[in-house]
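The next part holds the structures, each set out as C-alpha cells.
Presented sequentially are two complexes of chain A, the first with chain B as partner and the second with chain C.
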Partner chain A sequence: MPSSHPSSDLILHRLSSSDYEIKLKAIREIKNQIIGNRTKKLSYIKLGAVPSVADALATANSDSDFGSNLIVQSAAVLGSFACGVDQGVRAVLDAGAFPHLIRFLSAADEKVVDAAARSLRMIYQSKLAPKFDFYKEQNMDFLLSLLRSENENLTGLGAGVIIHSCETSDEQNILCQAGSLEKLISGLDGSINQRDASLESLATILKNNPEAVSKFAELQNGRALRSVIELTKDRYSRTRLLACLCLICIKNSSSCHLQDIGIKTKLIYILLELLDDSSQVGEEASFAFSSLVSGKEDLQKLAFEANAIDKFYNHLQNCALHPKRLEGIFLALAELCSKLECCRSKFISLQVLNLLISALTHDEANVRTAACKCLKSVSRSIKNLSAGYFMNERIVIPLVRLLSDLSTSVQVAALGAISNIVVDFTPDKSTFIQCGGIKELVQLTKSMDSSLRLNAVWSLRNMVFLADRMCKEAIFMELTVSSVASLICDSEPSVQEQALGLVCNFVDGCMDCVEFAFAEDGIILDAVGRQLWKFSKMEIGIQGMYVLSNIASGNEFHKEAIMQLLFPQAENGSHSLLSQYLQSNDSRLRTSAAWVIVNLTVPASPGAFDRVVKLRNFGIVSQIKRMISDSCMDVKLRARLAFGQINSFGDS
Partner chain B sequence: MSLFWIVIRQLAQIEAMAASKKVITREEWEKKLNNVKIRKEDMNKLVMNFLVTEGFVDAAEKFRKESGTEPDIDLATITDRMAVKKAVQSGNVEDAIEKVNDLNPEILDTNPQLFFHLQQQRLIELIRNGKIEEALEFAQEELAPRGEENQSFLEELERTVALLAFEDVSNCPVGELLDISQRLKTASEVNAAILTSQRHEKDPKLPSLLKMLIWAQNQLDEKAAFPRINDLSTAALEDAV
Partner chain C sequence: MPVRVALENITTPSHVSGANSRRNSFQSCTLLTVGQAFSGTQNVSSLQKDEAWRVNVRIQGCDLEHGYLCGTMEALNVPMADTPVVTFWEGEIVDTKNYTFFTGKWEAAPEDDIRHWTKFQSFGPLLSQVEVDGGKSVDLSNYPYIFMRWKEQYFVNVGTDCGLTIAGFYYVCFSCTDGSISGFYYDPNSSPFQKLELKATNDGRSGFSFSSYELQ
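Let's look at the complex of A and B:
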C-alpha cells in the first residue's frame, strides 16, 4: 500500500479548493507529475484524485478563457491516467467524465477539442472503454463526422472507436455501407499516425468479411489496395507491420485477392525481417506470421523455403527474450510444422527441441501453452514417432507434470502433445507409465472441463493403440470399468466418440483383450449397445460398430454375446439395429456393419452355422447380397467376403 | 550559380548517366549539367524544410517573406519546440518537461525511453550542481520506478546512479554523462519526438539528398570516369584521377 507523500496530500487538498486559480495550478502539477510515470499514476488513483479532476472538468465553463484552460488541463490529466493503465481507465469512467469529454468534442475552442479527443483516444485504447453502438443512427452520424474532420485528433478518435468496438460482421457491414472505408482510405496518404490508425481500423472492418473485402478492393479501381501494399515498404516498422496485418485480413477473407505467389512471398519476407525489430513490433510480427500461414500448406512451404525455421531458431537462442516474444515464436513454429514433414525435420535437425523443452517449464502460462502446441505439431512426424524420438524422459517428465498445471489451457495443450507422443509404434510405454502419466490422464478424464476430459480420453485412446497386454491392463485398472462405461455415456458427444475409440483399441488384439468389454457383468458392452441405438454423431455409431466387430473376432462366447446384443429376443423383422446400419447413407457406417458380419460368420467357428441362419431370418443375408454392388469399394469388399463365408454353409 | 544548384544538378545528371560506361570530359559533363532542369520551387521547399526541421524560426520566417515559400508546418510550433530544446540544452529539464506536456501531453506518456532520458538528465543536473541529498532522493523516488517498470532501463540506470558513488565525478568511469554532449543528445531526442508528434518527418531532406549524391557518384565511379564533387561545402567539380 503506497504511503501518501506529504506533497501529494497537499496537492489533493488544493485540488478540492474553491479557488479556481489554486485548483488549476494543482491540476497542472498533477499532470506534470503523472505523465510518463506509471507509478505516480497508480499512486494518485489510489489516493482518489480522479473524481476531483473529473468534477473540475464537468463544472468548467468552456466559453471563458479560464474555463477552457481548466478543461484542457483536466482532460490532459484524465487522458494521462487512462493512458496504458487499466485502473486509470476504470477510475475515469467511474468518475463520470466520459459524457463530458464527448460534449467538449464540439466546443468552439480548438484546444479544448484537441484535449478532449486525445483523452477519449486513450480511453478507447483500453478494453474497458464503453462499447460503441453502431446500430444507432445518431451514433453513426457522430462517428462519420469524426472521420470526416480536418482535425487529426478527431479522425484518430474515430479510428480508435472502430478498432475497439467493431466486432461482428453486421457491424462491419454497417460501417461499410455508411462510407467509412472511403474516409479511412484517405487517411492512408496522411501523416504517420493517420496512416497507422487507418490501417488498423481498415483491418478491423475487413476481417473475415468477404463482402467488405470486395468492396474495398474495388474502391478507386484498386488504388486503395495498392496503397496498402506500398505501405508494407514504409520506413517505419510499425506501419509495415500494420500494412501486413491489413493485407493478411484481406487475403484470409478473399479467394481472389492477394493470391499470387509474389505477394505471399513478400509478406513472408517482410514479417521475418520485422522479427529483428527490438520494439513491440518485433513481438507482434510472429503473431502476424502465425495468422498468415495458419492452415495454409502453400504458405508454409514458401516460408520453409525462406528459411523461416532457421530465423525463428536464431531468435530463440537470444536468452533474454521477453515472454511475449517466446510465445509468439513457438506459436509460429507450431503453425509452420503443423502439416509439412520437411518443416518438422528441419526443426528437429536444428535441435530446437532443446529450447522447447526448457520452455515447458517457463514461468508464464502462455509460453508453456505455446511450447506444448509446438510440440504437438512436431510430434505429428510419423518418422520420428516410430523411431521413438519423443518417448524419452527429457520430454515425457515435464510434459506429464504439465497435466496438473494450474492453467487449463496449458493442460489442454499438453494433452494435445501427449496424444501424439503416445502413438508410439513401439509397444513399450514404460517411460510414460513410470512418471505417473497414466494416473494424471485418468484424473483428467474426471474433470468438469469437457475439453480436458475429451483430450485426456483421446490421449488414452492413442496410448492403448497397439499397446501390449501389460500396458493395457495397467491402464484398465487405473481407469476402472465403471468410469469407462460412464465416459461412453458422457454428456459430450465428442467424449463419447473417443471413449468408444478407447474401448475399440482395448479389445483389439488378443483373445484376452476382448474380455475387457465383459468385465463386471458386461456394463461396458451394455453402454456400447445403448449408444449404438441413439447416437447423435455419425462417428459414434461407426466407433461403436468397430467395437462390436473387434469383440466378434473373439471366441464363441464373444460372438454369441454380440448376436444377443444385435438381436434381442423381442425384436424382429427388418427393424434390427444391424439392418438399419447396413442401409445407412454413410458408407463408413455400412463398412463397419459389414465387418461385424464378416467376423460373426467366420466358417471355422463352431456356432457359425446357427448364426448364419439367424442372420438370414432377419433379412441380413439378402441385404449383404445387395451390398456386393455397393458404390463404395470398402463396403463392396467386405460384403463380398461376408457373403462368400455365408455361402459356404449352403444355399442362400 | 549557387552551390546548391550545382549539387542538385550533379545528382540528377549522374542518375541519368549510370547506364553508360565511358570517360567523360569536363566540357561534356558541364554541358550535360546545364541541360538538367531543376525547379526553383523544389529548391526553395528543400531549404525551408531544412530551416524548419532544424528549428531556425527567424530564418524560416524571413525566407518565407522573401521567397514566398510556405513552410509545411506552423512556424509557431517551431518556437515552442525550440523553447523545449533550449531548456534541455541549458539543463532546465523540469521546465522542458512542463513545456513538452503543454505542447502535447501524449509525447512523454507514449515514449518511455525519452521520459527516462529526461529523468536521467534531471538527476545528472542535480549531481552537477552538487545537490547530492536531493539527487539521492530523486534517484529513489523517480528513477528507480522507471527501472521497475521497464527492465531495459536498468543498465543505464545503474550507470547514472554510479555517479553518486564517486567523490570526483568528472574523473569517474561514467563521467561522460556530465558532458554537455549528453545534454545535446537528450535535447535532440526531445526534438525528434516533438517533430514526430507534429506529424513531421524528423529528419530534414537535405542530408538525404547529399547522401544520395555521394552514393550515386560511387556507383557511377565503377562504370565511368567523370568530374566528381568531393567537397560538399564548395560543390566544386574535380576531374577524375
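Let's look at the complex of A and C:
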C-alpha cells in the first residue's frame, strides 16, 4: 500500500528527539527525500535541518553499535546536502560538522570511516571547502596516510583534497617530494573511481610544473607515463578524458615529453571522439582540446588534418546545445584558428560564421565571450580582412552592441574582435561609424578598467590605419584633443603605446593630416615629447619616434616644430633626446631616430640647410656618420641616406 | 596585377605557406612594412603593340618569421576594364629558411627561376650558389635586396569573369635602400618577362611616413 512521506516539520521535530530510535528514523527519512533532489535539499537547508543532523553526528558515540549507525546515517545525509549544492556545503561547514567528519576517519568501525570519507569527498568537490594546508607536516602525514590506505574511500578523499587545494607550484613540489606521485600511480590500477581520482590529482600536481613532470616521467622507468597513455584507450569515456587531460598537462609543462607525432595525433582523435559523448565528458572534451592546441602551430596543423573544424561545425549545427558546450566549441575553434590560415579558410568555407553571429547574442555571457574570441582568431587573416568578409552589418551591429555588455569579459572579447575587423584596408569605415561604433569605442577609452581602455585605444589605432581624412576627422572629433593627450600619458604603458600608434596613424597620409598633432596649441605633440623623455617600455620610444618622423615629413612649419621639440634652445646637444636615441642598443629605436633625421634634412625643403647646421652643432651629424657602419642594415641604410642628404649642403 | 586571359584553362593555386616555426635572422626593412605604398608601371607589350599599365601597390601584411608578405595591386589603365582593377596578392620572401629561390610550383621549373632571377642585377653575386641548392646556404640576412615571389590570389573589386587572369606570379626584387621594386611576371601562357617597376610613394609629403596596425 502506498504511503506518503511525513511532513518536513514533523521530521524536524523528530530530529530533535532524545530518543535515538526516533532520531535515526528521521535522519533516514531525510536521506531518502533529498537524494538527487536539489529542491528538497534547499528546502531542508532553509528549515534548518543541517545543524540538527550535524549535532546528531557530533554527539553520537562511535564505539556503540547504535551510535555508529547514527554516525553513518548522519554523515550520509550531510554528504548528500553538500553534493552539488553550494548552500548545502556552506550549511554543513557552518554547522561545524567538518572536524567531526575528519575525526571519524580514524574510527575503529570501518562503516563509520567509509561514511565520513564519502561525506568529506562531497564537501571537497566544492570550492567552498576549506583549503588544505600542505605546508603543515602533520597535515601531509595525514594526507599520505589517506593515499596509502587500502580503503578506496580514503584514497579517493586524499585525491579529492589534492584536486581541491593544490594550486601553487610550491604546493605541487611539496606533494612531489612527499612521494604522493608514487601513491597516486598505484591508484591507476584500482577501481574506476580510484583511477579517475588518481588521474585528476596527477594532472593537478603536474600542471605547469616542469620539475614535477620530469619526476613523473622518470618514475618506474617511464611505466607510470605509459600507464596513463594506456588509459586513453579505457572503455570508460571519463577515464579516457582524464588520461588525456593528464597527458596535456605533461605536454604543456615540458616540451621534451610526448613529442612523438603519434601520441599528439592520438590525443586529438580521442578528444574529437569524446565530443560525441552526451554527458559532461563531451562538454569538457572541447575545453581539453583547446588546452592541447593552444599556441601550438604543429598541433593545430594535425587537428586541421584530422578534420577538427568539420567535427566542431557538425556539433554546432545542433541547435539545442547546452551553453557550456557552445562555449567550449567556440573556444576550441578560436584556438584552432589562432595561427593557421588553412584553418581560417576552412572556417570561412564551412560558413561557421553564420552560427558564430547567432552566438554573439546568446543569453549566456560565457558563450558571447567565446564567440568573440573565435571571431578575433578568424579575423587575424589579412587575406579575409582584405576580402571584406567581416566589415558588414550582420557582424558589426551585434559586436558594437556587445561594447555596452554588462560583463567586462564580453566587452574585452568584443573589443579584441573589433580591433581586428576594423583593419579592413578600405579608407571608408562608414559601416562601423553608422552603427555608433566610434562613440562606443571612445566611451571605453575613458573606462576605469585598463583592459577596456587598452583594447578601445587599440581598436581606434587599427581603425585609423590608412583611413581617409573624413574618417579620421570623425574619430578625432569624437575622441577630442585632450583625451588623446591624456591617453598618451595614461598610467598603463600598454595604453601609452597604443595611443602613440593611434597618433602615428592620424598624422600619416595626406599632408593635411599632420595638423592633427597641432590642434589646441599642440597639446598632443607636447604629450608625445614628455613621453619620449621618460618612456618605460622600448616600444613606446619607438612608436613616439615614428610620430615625430611622420610629422617631420610634413611642411616647413611641421619640421621646425620637431626641431624645437628635439632641441629646446638652452639644451646641450650631446645630451639631447635624439642623441640618446641614436645611441640606443635597440636597433629599432636607432632606425626610428634615423628616419626623423632623414625627414628633417630632405634637401628640397627650404629650411633644411639651417637644420643641418643645427644638427651639426649638436653633434648629431657626426653620430649619423658613425652609424653608416651600424651592425643593423636598416639603421645603416637610413644613416647613409641622411648623411647623403646632409652632405648635399657641403661641409658648412 | 592581372593580365589578359590567354587560355581558357585558368588555374589559381591555393596558398601554401610552407612556413615552419624556426626563427630566422632575416632583418626587417622599414620600407617594406605594412602601409607602405609604391607606384609605377607594368610593361605588358606584346609583338602586336607596346603597352604599359600604371600600377599601385600597397603592403597590407608582413610576417618575416614566416617569410610572408601580402598586399594589393591596382592596375589603373587596363584597356578592357571600366575601373581600376584591384587584386590581392600574397608573397613569399626568399629568406632561404621558409623559401628558397626555387619556386617548386606554379609551373616554374628551376630553369625558369634562374632565367628570371638573373634579370635582376643584384642577383648576380648569388647565382653560382643558387644554381647548386636554390640558395639554401646563402646568407641573405644583411643583403640590401629582398627577393620575393608575389602571387595574386583574388580580384578585390571585379568578378572572375572580367576577362583578366591572375594565373601567373611575379619574381620580385626589392631594394632596401630606396624602396624601389622591380619584378617580372611569369605565366607560361602570357607574354614573357613583363616588367614591373615601382617606386616608394609619399602622398606628396616631404619625407617618409609610416603607419601601422596590430592584429590581436
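Things to note:
One rule holds in what follows: the second predicted complex is superposed on the first by the 644 of 652 C-alpha atoms of A that agree within 3 Å, B and C clash if a C-alpha of one lies under 4 Å from a C-alpha of the other, contacts with A are read in each partner's own complex, and residues count from 1 in each chain.
Please note the rule applied: contacts are C-beta pairs under 8 Å (C-beta built on N, C-alpha and C of every residue); 3 or more make two chains touch, one makes a residue touch a chain.
Everything quoted here is computed from the prediction, not taken from an experiment.
After overlaying the two complexes on the shared chain, residue contacts for A:Met633 are found with chain C alone; chain B is out of touch. Using the contact criterion defined above for the overlaid structures, shared-chain residue A:Lys31 touches chain B, although it does not reach chain C. In the superposition on chain A, contact is made by A:Asp508 with chain C only, not with chain B.
Judged by the touch definition given at the top, the superposed model places A:Glu152 against chain B, while chain C stays out of reach. Comparing chain B with chain C, more residues of chain A are touched by C. Legend: residue contacts after superposition of the two complexes on their common chain; A:Ile192 is shown touching chain B, with no touch to chain C. Look at A:Gly79: by the touch rule set out above, it reaches chain B but stays clear of chain C. In the superposed model, A:Ser648 lies in contact with neither chain B nor chain C. When the two structures are aligned on the shared chain, A:Thr39 is found in touch with chain B, with no touch to chain C.
Counting contacts as defined above, no chain A residue meets chain B in one complex and chain C in the other. Remark: chain A residues 297-298, 341, 376, 379-380, 382-383, 386-387, 416, 419-420, 423, 425, 455, 458, 461-462, 465-466, 501, 504-505, 507-511, 546, 549-550, 552-555, 559, 591, 595, 598-600, 602, 604-605, 632-634, 637-638, 640-641 touch chain C in the complex. Residue ranges of chain B in contact with chain A, taken from their complex: 97-98, 101, 105-106, 108-112, 115, 142, 145, 148-149, 196, 199. Chain A meets chain B in the complex at residues 31-32, 35-39, 76, 79-80, 83-84, 118, 122, 152, 190-194. Residues 15, 17, 21, 27-30, 34-35, 58, 60-61, 70, 72, 88, 90, 142, 144, 153-154, 156, 176-178, 202-216 of chain C are the ones that touch chain A when the two sit in their complex.
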